[in-house]
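The structure follows.
Letters A, B, C and D mark the chains in the order given here, with residues in each chain numbered from 1 onward.
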């Protein structure tokens, strides 16, 4: 973990509620996708945890949905203002277990961490299938970006306005030749995926956090292997250890 | 040069800055960020007889200037803390630590204190009396002078180390409770623990915290903490460790003027991981600004 | 269209927004800024038998997210309030007002309430039991169920108007005190009054407030207020007027979900003179955002 | 009283701790010098009361000393940022009682309101004598500005580094042909002036304020004519009514 100041390079809407922010600063503590940042926002007490969507040696990209006071404030920020951020938080996804053809499943604001994950798996010579779920076409984002990476992308929307009508699980249930899966999204989606997937996999969880770096026990969850802190021992858990 | 050294019941501290129990774990996360040996001491996570998972999540809610937690004393139990954590802690922190002890019965407090008493790594036993008394309808030990005194006596009977009773602020008369602890043999008083608070999620219409209520802490509670330290200083002669919302060197001075000999930093560590380091480093400058050469000169200064 | 009308003991309010006693004077200053008849009602400055200058200055200190006051019930005395202020108030506010009554003895509460009972402009008598009881070592009436009940009975005996007892949060068991007041005949409960707090001036080393301690209010205390309203709602059947740190329409909804039928706004009026107007105007929009069509539907909603 | 947003046009140091800020906005509620503004500062609960130094139909000038969190924040503000301000607070000085040759006495940050007062009195054809007191030369400000108005200016510094060595009272005690006095400054100065002046006069007081507009009784003081609110019935009191 590192604490440092980042400069906002870009902050732009992808949909009416989801924004992309590109930040410049010391990214050396970020080692994996699936990790997250914890962002200090003036006037609010707690930092806001947001997943790493992509990063390089001097920038990090995040995608965030405006849902409350913190993200509302983020939306209004403009380059070149600065943010105090904790980086390198969480375990992140482990690509060594992926096999040759893993599924990457992102629902809503669970989509962002799948981006860098897809990039990495492709770089490792694997052929990930990316499955993205949204409520409706207007809320969809990052589909082209995934396609540009060269990944196969399947989309589900609840109302059928884009791709398959239904949930990501409707797509997953019809697939069979995958070797592993990675998922991030709302808890009901994760639970359904855990039930309908035929392989082992890694799922990323959200929890309200005090610190985000393992000090307060605010985010604990019980697993089959004992209590884990979502912020430090997670947010990524293995399918097999999860107690639903 | 200014002097930041203070003494708690014969234990010398390089400075009065002590991370508060529950906000610093066993120090490991912070030891990766800075040399935590710069701290006066630290109070490790509240420990009970049995291992506890704690309360269901969500356990955290945000407030103006603070946060609510209902961690519920998650800890591996006293035996495991002694066997596993203390040796690990010794590697990252070489000074005496403060053992924060909790219990749901008088016997549990005594049991834990007796166990931890044998550990020379432990400088002070800090007894958190904010826990509900399972034998008395769930009211916390800290809400009555008698119950707090009973816990104090039970712990004092089985320990040789200085015993600090950590008081709950959710009471009508904090001074009476502190006095009862002093009379029962307490070597010092720590205060304040968290204020009971609640937030409701407008989206669901239900309390945010799974347990409904939780402990409210952070800068928002500072004025209540200063007031209580001030009141307790007038009521007892034993030293006070002041806490509640402290987040700057200025706040440390204010707590000490109110009557604290040392000061704990809680929630600030969570949102500003370098909080204690920053405070320790700025303390001499802020002391100079206010013409203070020795911190010991200002303890209780507001009462003069 | 959404419904913001609520009813307190048979008195219909256009909306639940009521400026809190001591933060709105007699309404004159605000009436120059906006038409205060948009308010649900307002609670005028705490009134005692005799005129009082109040406490020495400084009476105000700043805190994170709030402020401390030790105004000390400055007011012209009940006779003058009835003779001079009520007629003036009637010119700027045409709805029933809430008469906030204080006393330093049970007799004083009864005296003031009996006097004000005759004024048809007064809709509710709000009895502030946070005052020190001069006959009992200065502990406030609000700190014991017996004392609070005694005041309630004395006031109820001499009035025909709804009596709301305004509770102090500086207690161990707020629900017990509320319950005692209900049993003694109270028609409703107002809570919370200010938390006792203190700030120390680093430049002088002394408390900022001349009286040393004072009442801490403002957004910082909101989580404590929500918690207490929630607890009292579980303990009593009479209506609750919730307050403490409310400063937005969202806060109003949260208070009502906790159990409040109406909501008072205190310190927010002082730093944001249009606070009540802004809240009233944004309330329908915020209700819509959370799918609320009638405020009455959400009272106590967090308990379901 | 009005509440409105002002835009910072200038914010510049006059000494190492005293700044001048020029603000543009709705000044229609300001009717007199000696009145004050109550300024909202992000992140701080209470507004900060600062005297009007000068104003016209669209700008107001204030001079403030950096002493704590609020003024520290003000010092860092730059044009064209905005401030939420209550204007038209307080009674202000009454020039009708001045006679032909009034004294205007300002000590430290009590200097600012004397500026517009001098301007007004000169415009009314009177010949005010301005007496300014500072600790030392380096802390002195606005002397030239007063001179440019065409007023007679006398300066006292405690260490004698500028003008008379001593206090403003040392100057006042040696004067006799004045018709009235107006004063603003630290309370000990006001008390000393009240004792050493030979005429009637008006003195402006400071008090910690909750609201600044008469609602909270936070700033009450007892006078010979009953209790007064410094913010509404003051900050200017007549010499004769003050209880020291």
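As a working rule, a contact is a pair of C-beta atoms (placed from the backbone, for glycine too) under 8 Å apart; a residue touches a chain by one contact, two chains touch by 3 or more.
A quick map from chain label to UniProt name: A, D = Dihydroorotate dehydrogenase B (NAD(+)), electron transfer subunit; B, C = Dihydroorotate dehydrogenase.
Worth saying up front: this structure is predicted, and the values here are computed from it rather than measured.
Peer 1: Determine the shortest chain-contact distance, in steps, between chain A and chain C (Dihydroorotate dehydrogenase).
Peer 2: Minimal hop count between chain A and chain C (Dihydroorotate dehydrogenase): 2.
Peer 1: Between chain C (Dihydroorotate dehydrogenase) and chain D, what's the gap in Å when you average each chain's C-alpha atoms?
Peer 2: Distance between chain centres: 36 Å.
Peer 1: On a C-alpha centroid basis, what's the spacing between chain A and chain D, in Å?
Peer 2: So the centroids are 57 Å from each other.
Peer 1: Take the average of all CA coordinates in chain B (Dihydroorotate dehydrogenase), do the same for chain D, and state the distance between these two points in whole angstrom.
Peer 2: 47
Peer 1: Mind pulling the chain B (Dihydroorotate dehydrogenase) residues that touch 2 or more other chains?
Peer 2: Touching at least two other chains: 61, 63-66, 219.
Peer 1: Make each chain a node and each touching pair an edge, then name the shape: line, ring, star, complete, other.
Peer 2: ring
Peer 1: For this structure, enumerate the chain pairs that meet the touch criterion.
Peer 2: Taking the chains two at a time, the touching pairs are A-B, A-D, B-C, C-D.
Peer 1: Looking at the complex, which residues from chain D come into contact with chain A?
Peer 2: Per the stated touch rule, the residues are 42-43.
Peer 1: In their shared complex, at which residues does chain A touch chain B (Dihydroorotate dehydrogenase)?
Peer 2: 1, 3, 40, 44-47, 86, 207-211, 213-222, 227, 232
Peer 1: Mind pulling up the chain B (Dihydroorotate dehydrogenase) residues that touch chain C (Dihydroorotate dehydrogenase) in the complex?
Peer 2: The touching residues are 61, 63-66, 68, 139, 143, 170-173, 195-200, 202-203, 205-207, 212-213, 216, 219-224, 226-227, 230, 245, 250, 253-254, 257-258, 290, 298, 301-302, 304.
Peer 1: Which stretch or stretches of chain B (Dihydroorotate dehydrogenase) touch chain A in the complex?
Peer 2: Chain B (Dihydroorotate dehydrogenase) residues touching chain A: 22-25, 28-30, 32-33, 45, 53-54, 57-67, 69, 71, 74, 208, 218-219, 267, 269-271, 273-274.
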